[in-house]
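When the chains are written out, they are named A, B and C in that same order, and each has its own residue count from 1.
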Amino acid sequence: MRRTTWLQELLAPIALVALLAIASSLWVSSADQSKFQTAIVYVAIVAALYVFVGNSGVLSFGQVSFVAVGAFSAGVMTIPAGTKPGVLPTLFPLLRDHSISNVWSLVLAAGLGGVYAFAVGIPLMRLSGIAAGIATLAVLGITYNLLTYWNSIGPGATTLSLIPETTDYWQATVGAISVILVAFGYQRSRFGRQLRAAREDPAAARAAGIDIHRQRLWAFTLSGALSGFTGGLYVHLLGSIQTNQVYLDLTFLTLAMLVVGGISSLLGAVVGAIAISLFTILLGNSEEGIHVFGWGIKAPAGTSLVGVAVVMLVILLLRPAGITGGREFSLPSTFARPRLRSR
Amino acid sequence: MNHVQALIDAIGEGAVFALIAVGIGLVFGVLRLINFAYGQLIMVAAYALAFPGNWPDAASIGLAVLAAVVASLVMERIAFRPLRTADPSTMLVATFAIAYLLQNGALLQYTYRQQGGLGDSIGTLSGLNQAVTIGSLHIRWVTFLAIGAGLVSLGGLALILTRTSIGLQMRAASMDFRTARLLGVKADTVIMAAVAISGVLAAVAAVVLSISSTSVNPTTGFQETIFVLVGVVAGGIDRLVSATLGAFAIGFAIELVGTELPNSGATPFTSNVYMPSVIYLAVIVVLLLRPAGLFARRGQRTVERV
Amino acid sequence: MNAQPVLEVDDLWVHYGTVPAVRKLGLTVGGGEIVGLIGPNGAGKSTTLHAIVGLVPARSGDIRLRGASILGRKPETIARAGISLVPEGRRIFAQLTVEENLRLGLVARTGHNDADRDLGWIEELFPVVREFRARQAGTLSGGQQQQLAIARALVAGPDVLLLDEPSLGLAPTIVDVVFGALTDIRERGVTVLLVEQRAQRTVALADRTYVMTNGEIRMTLTPADADDTERIIAAYMAS
């Protein structure tokens, strides 16, 4: 029984993602399918965020910077080389005259996200608490500002469009599950366990010889690489993107998903992302009119976003530790095979 | 001579930032919470200011103050109070949810009003945008208003904090809430007082910001609040004075350096569009050198929540 | 002496997580008494005081002030009902002036009419608080800060004064001042519950002293036992 606990913990979030993908691809109208694909990409983004925030206990507002870097690098580099000089004439020649394939763009996104996170993390991971939160917010502000105005590396203040829309159900699901696998592997690794120990009791962890700065930096870098990768998935889903789509709104939304699900477990990250996404889709559809007991109800446009905010607030009030309480999944003991064990 | 003008404008901008900083700092003091919904509180006050249309200006301003105070008290009652003992990240995310709620609520009301354009006029108050000419200086009335309102509000607050019992209790609570409660300081009362005062300050900031942008929209106050949040932590959020100085410095720098730099040019750091990057970079450097804040006392540590 | 109980603790259990820190604790403090509570580090003395003032929740049992239960009340409510705690480590507000610290003591006071008269005898008892009125409290010496902390608690006009290791880290002459003041405080009609590490002095001063080890009261000593060092040591060891 003990040997299989980790398997339950891993399979639960994967099963949720797979279930969401299969169910929505089979039974949801084709008009709504992109919303469910977005939900799956959100799962990936939140799981990537969790790798740092969940394991270290340090709140970062900066992870969306790496999503942004991944999204724009993957986007810019996959626009066909033939059309690029026309739509993005101000790019550096190296970026303007070359294009890469979808898969390589995801690799590039992950690599740049990781490198950027590592570079930023070296100084910043010395900070903790509020100072860390605000410093990472400042990183996001810088990333957004540079991406919005420096038109040698991207579209500047205009919309980046003509990006191949390669993220389908298949890619989104495989991508999200890959992020979950890596996140889970890290969490159970020696490094992951050391960082979680430092989260619970920094003084004791230091006394036990754990280098907290180094462990946070590893998690930050891994989280940055995964975030970059999810940015690549995201941009290939959207097909066109502006910088404000990977800025404060996405930061608040993904952090809210993580906390609503349960900040200190991978299952919490996945459950939070799915729950908030489903509420958003459900309430969004009510704006197009739903029928309840023969009454047609049609909410005015914009109601759904207000509704999602209310739902988030209610969940936080009812379950301040999140839906999962920050715990991983385990079968109730009555379902598990009874076996006598001696401790 | 126009350097003098830029200086005065910069002081005006710094004054608005200082007002917002004090509103955020007061609530942080008693709740150990950075209220990310503070910008939306300013927005609510701004809409209340615009709502009456042709009332006398004083009445519109009164309504704005009332709306901000009520909104911030409601926020405290429904979200902050039940989550006071929860993990700090939970309360923080609750403020995201409130911000999201208010901002989308502001968008939604345009649907109900069936008004296409976003943005409400603030009526005769916008006349304060006219400039007075003193020698070669052209200074807008709203700049004087910002500086005056900043001085009066902060001076009034200083009197409340040092001369009244509730002010003393607020100061004690923000230094050591547990001991304050042992002395009979009522947690709910002190927190509500701080939250209500922060509402008044939000309304004052809303009046100045709405006048200087001449209209009100769902993002009124948002960008300023993000800069102020960064500024108060860089200044040192554990003391109201250092937090205010940090925010003032950022407002001052944005306005002063912003107007002196060219406003076009895409290469990084050649034009004022990169001003935010410069500010954020400076903040990061400050935090790395002095994590408790630039103006914090040496050896000061962050104290626990209630 | 009027020994009608002012503060009663009945079958009190306090847990930290699953670990019991205080078990089936019962004690009674009569009006105008000085009662001591001694025991080794980690015996649960501070936890008992924290439970009385509402800082930590009790698992079960009851705490009564003049016969009325105060269990589960907020700290500020209990303070206003007439229990003042002088916490361990003094906990004065270092950045406020001495006078402001004293004014905070007034917050818990229910009747403000005779505050000046009380302030008079309190300042007489601890002249340093009058002398350094305008100074920042953080600039006072440790002994002066302890006197300020007690004065601040007394300004509230409490029925019961709880002290958590007031002599900790103080010079012997200051310890004399603090212990001497307790007798005066009792004469003003304030009931005292004193938690201390200085066992012998506490036993000598108090009308009754409870000895606590491992969360439980093991023994009650009287001033007659003060010179019986062996008995006190034996009580400490009985765990």
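As a convention for this text, a contact is a pair of C-beta atoms (placed from the backbone, for glycine too) under 8 Å apart; a residue touches a chain by one contact, two chains touch by 3 or more.
As the structure is a prediction and not an experimental result, all values here were calculated from the model.
> Taking contact as defined at the start, I'd like the list of chains shared as neighbours by chain A and chain C.
Common contact partners of chain A and chain C, which must touch each of the two, are B.
> Point out which chain occupies the most central position, where each centre is the mean of Cα atoms.
B
> With chain centres set to the mean of the C-alpha atoms, which chain is at the far end from chain C?
The chain farthest from chain C, judged by C-alpha centres, is A.
> When the contacting C-beta pairs are counted for B-C and for A-B, which pair yields the higher total?
Looking at contacts between chains, A-B has the larger number.
> Where the CA atoms of chain A average out and where those of chain C average out, how many Å apart are those spots?
The separation of the two C-alpha centroids amounts to 53 Å.
> If you average the Cα atoms of chain B and of chain C to get two centres, how far apart are those centres in Å?
Centre-to-centre distance between chain B and chain C: 43 Å.
> Whole-Å distance, chain A centre to chain B centre, using C-alpha means?
30
> Give every residue of chain C touching chain B within the complex, in rising order.
Of all residues in chain C, those touching chain B are 53, 55, 74-76, 79-80, 84-85, 87, 91, 93-96, 100, 103-109, 152-153, 156.
> With touch defined as at the start, can you tell me which chain B residues reach chain A in the complex?
Answer in residue numbers: 34, 36, 78-79, 82-83, 86-87, 89-90, 92-94, 96-101, 104-105, 107-108, 111-112, 226, 229-230, 233-234, 237, 266-268, 273-274, 276-277, 279-281, 283-284, 287-288, 291-292, 302.
> Any idea which chain A residues touch chain B in the complex?
Going through chain A, the ones touching chain B are 59, 90, 123-124, 126-127, 129-131, 133-135, 137-139, 141-142, 145-146, 148-152, 156, 248, 252, 255-256, 259-260, 263, 300-303, 305-306, 308-310, 312-313, 316-317, 320-322.
> State the interface residues of chain B toward chain C in the complex, per the touch definition above.
It comes out as residues 165, 168-169, 171-172, 175-176, 178-187.
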